[in-house]
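Order as written gives the chain letters A, B, C, D and E; numbering starts at 1 within each chain.
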């Protein structure tokens, strides 16, 4: 995969400026009757967090994981388990979700990272499916019926996740933090090492890089981010069900990342935004809302092989 | 000489993207001749070959094979006219066994009287027979090189093109291949060779074409080349 | 446990395995051998099932329906190849996955527009509708015997085609290094089109034959795609023999998990726990098998390309 | 003291014994050439030594440290670095990025994930130093994949040098080079021998005879002969299986 | 301002067939009411949520916040209903279920805003258990998917069934092949088999069951495993299946005769399923409630009180709500048979239970 020129200053700051503007949404939205979109954008931001992690391991690290929804589910069910046991603090529940899903990712990564390519794709799917079936038959947390989280979690200062605007800002802040971290990580030593592994793993090993450990750390990090997204999603929906971990959710996440542009700084974010917004809009107008999405995917593969974000890049001479 | 021209290039220009590599190349190869393409690294030898076998579109000029313009044809069509290549970097198929490499493309379109058969190829490279069941990517570098040559011969081509076919081969095997080319020549096989062992090529080939920055800088017979060490020094760096 | 019962369950395992192989066969060809990940294989399978069901109902002849389904699906596949898949051969797996996922989305909507959202009726031909007595104590569905036979036939045919015919060699050559295959005179484009059509024919055959024993409905292709991929991956991508062995293995493990695990657990665990765990394990048996195989052999049981 | 010792190395590929109890040693400052017919097991041996292939038996010791149980990247850290028979560089990256990556591998942890790497001056200096060593200063901004073959091989060597190896394994460094480039590579290797001992695999006998202090000949996975240039050149068996009549002239 | 009804439909996804039935029944009612509810202009906002509970919550949020709906209905499966319930209840929007009747909403988490217009999940199975007793089936094998609903249904069956359960088989969700289970059934030699396998799973099972030569072992199921959608997909093998439901298309109630006739006219002679009937009832229930409050749907207390009266011509005949807003109603036995024109369909055989109330009403404290 070829590298691209550094983006122009405007292109560098525009996404951040947009994120900043989003902070106004809860205030402005309420004024002009757009409260619904506060929730909609909040969900988008949460999915973007998970997608950013996937983009990091797939786009920069070349690890095509088809089990990412599994980690989202682990995060969500961690929150369920804690709430079921009586916990009420959002931060500790989310923190625990990050740790638990990170631990799951580390364990699963440790055994799956020996495989490559499609084998890796399928073995990550296998583990996600195991988690899925586990959740389906886990009657303590509602199994297939899911588990309702009826009281909001406490955010401190007397605020809860039930406060739509505050929760929105919390999610926005977390997402911005994740984006910032991911974009710094991409140009750090770690990011460069990961890209090296993507391009030529054997050479990296022979140059003295601890390839396996580097991949494992990246995979664990991405798993933890997915767990964070899962935890936030649980609070966002006030409900968790195994459907969150269905393999089609993993596939959709993968599709969104590729759509946006693999290994592009804002690729995952753009992919999620476009995909979710389009499905939302299309569903409004027709029951046949799948095929335009399908058409778009085919078009992107042929017209914009570097994803939507690639369209905004200056080409290398 | 009265033999027919088998391959001719007329004003051939070609390149990659923005960079032009060949600037109006002219040369002929007559049937039964062994001709070499010589020159330093990066002078356009492989590029010329690529243009001839349809792997790279000529931008201008004409390539004729057996009297027919082929510069517009697809690579496979050109191959089926009887052009076989031993490419730079061997390019063995990782998922075909040695034996399969030698039977999958086997053919005798030009109706050679004593065609290359599996047995003859194994006799030429006994090592390949030992490795008959191995996949292409389980061979050592040199074994792959032998396989690439044998694979090209299996099509019984009218024009055989070897691009650095002795690269990475042990001296004995290299010698083996030279002897094989000698024999092919005796049988009338038209051959275009690119290789760095000029001294040996002088003994093998009839004529030589030396490229310098995408142009023909010198052509002549082996005797002429042998005589003019200045040419060696100027164009070949030896 | 009664030996006949055990034998019957083994037979069921083999039968399910061969069924999976039938589904996976076309995918093995296109994905395993041609190295093109075509998720729309499931859509072609669905097309085969729908067309066969419709033609069977209208025309009465089951064999005729299967043939029409195969022919019509090949036609669809021809268009698909011409418009989309042809341009994907040279791309990486991810691009192939994305584009053919797009095809699935379109195909599902198209089928719904044409045939409606409800499942179609697909009946077993009357002559095969009942069981045959394999042993005095053991009736076995006649139709499944046909599936078994076709599955075996396809396995053998595919193995011979891929490993012992020139076309097979040319396909593999073209898949691993298209340029070089062309330099050797192979019309790679044409060979690929042929193989893709053959894969589609196998998908349609599987769909048409599975119709009478499963729900013919939208999304049926996606549901089978995963088990089919599991089979190919366990076997080792590119190996017909691997896919065959893996299909039987998955069939046996899955069936054994469903038939023997719950009673076994009940005899060692408290009933409530056993009731929870038994089916849960049975549900993931296939995935546990795949994970175990890949952990031990990261490139499947019969790695074709080392 | 002997720098490097390989003892009784064994490698099987299914039924094929590719490395058959091979033992050899490399002294400090020595260029030790490994020659042998195609398929004799030279590359396999390098893979065993560098750790890219797991050995089925045997032991390797570098500078008194037993490396046998170490993974490939740990061996590099202990001073065992290699190049590949097929040029292996990061083709989509610039030469500078290639060198920075190599430098990064040996200057602190690669797990640092927050600071920009471009801000680390020490890495840049090390990269330039490497470029200077192999003569790539003029092409730092070129994309590696578009460079002429000979230059790519130099880059490959530079990537291996970043580790400041005690022993450098070179698998056919002259492959695919014309006489001029070959000569340049010979000169480069000659210069490197002051930094590291070198295990050289090469079919270009001119280069081998110019450079090698000692030559071991491998055949069917076994060491057939080992000795200085003249000894090997005259060895009848070596002539028969490898050199032929021409090179032995 | 028209009365706004949010309709979350399973147009794609695992319950697409049922979702289509729901929509057809609903659209018929809307058409017959001239797109009005209680004489007021009404807007039915229909949207697909692909059978995914998370998407369902997303959609309901939109209905609540953007569209400001007055009524909600639509989802087929219990998990989606459970997912969207709390948000609707908090916003005091009545949720009229056109199918799912989860036990939680009937018991512990019952809400004045939830109306199980259809039935409580277990009641079909209870009726089936009673039928099994009456038919004299002493030994039975029960089969259901391995998820909570599957266990609920089997639990419901066992509640009234008095014979011995030889085996309870729980299958994988989304299973395709049932040979192993069928072999187990054959080995157990039961008098009959109780099947709860919804959607494609049921279709797969039934197709394979008869082919294995087990047609002499009768099947009993809750109505939806042998409803018209399944019959149409499976064909002959369903012949003779016993199943229980609170409604049948040949139930002689004037409102029903009218409904079935209109339905068959509108949809090419197709028989309606229970889902279509329920959706139709839901709209009629809304219609009656809006009329009763004189169009003032903002007064939610009044709307709920009006709904609770069940003062509309239900296609199942008269019925009342219990304390938990679930119906107290009759349950019937149906058998798959051929109609006059030879088409396979359910035939009403008799009444199994009269004015039956679900088992969870005692847990409901509202």
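For the reader, a short list of remarks on this structure follows.
Here is the rule we go by: contacts are C-beta pairs under 8 Å (C-beta built on N, C-alpha and C of every residue); 3 or more make two chains touch, one makes a residue touch a chain.
Protein identities per chain, from UniProt: A, C = Branched-chain amino acid ABC transporter permease; B, D = ABC transporter ATP-binding protein.
The shown structure was predicted, so the numbers you read here are calculated from the model rather than taken from an experiment.
Note on connectivity: the fewest steps through touching chains from chain C to chain D is 2.
Any chain that touches chain A and also touches chain C is listed here: E. Seen from the Cα centre of chain B, the chain whose own Cα centre is farthest off is E. The centroid of the Cα atoms in chain A and the matching centroid in chain B are 53 Å apart. Chain A and chain D, compared by their mean Cα positions, are separated by 42 Å.
In terms of their C-alpha centroids, the spacing between chain D and chain E amounts to 73 Å.
Shown for chain C are the residues that touch two or more other chains, namely 108, 112, 279-280, 283. In chain E, the residues that reach two or more other chains under the touch definition are 11-12, 146, 172-173.
Multi-chain contact residues of chain B (touching two or more other chains): 138. Across the whole structure, chains are in contact as follows: A-C, A-D, A-E, B-C, B-D, C-E.
Those residues of chain E whose C-beta lies close enough to touch chain C in the complex are 11-14, 16-17, 19-20, 146, 168-174, 176-177, 179-181, 183-184, 186-187, 199-200, 203-204, 207-208, 210-213, 229, 232-236. Contacts from chain D toward chain A in the complex involve residues 50, 52, 71-74, 76-77, 81-82, 84, 88-94, 97, 100-102, 104-106, 108-118, 120, 143, 159-160, 162-163.
Note for the complex: chain A touches chain D at residues 1-3, 181, 184-185, 187-193, 196, 199-200, 202-212, 214, 217.
The touching residues of chain A, counted against chain E in their complex, run 33-37, 39-40, 43, 133, 136-137, 139, 142-146, 148, 150, 233, 237-239, 241, 243-244, 246, 283-284, 287, 289-290. Only residues 13, 35-43, 85-86, 148-150, 172, 175-181, 203, 205, 240-247 of chain D touch chain B when the two sit together in their complex.
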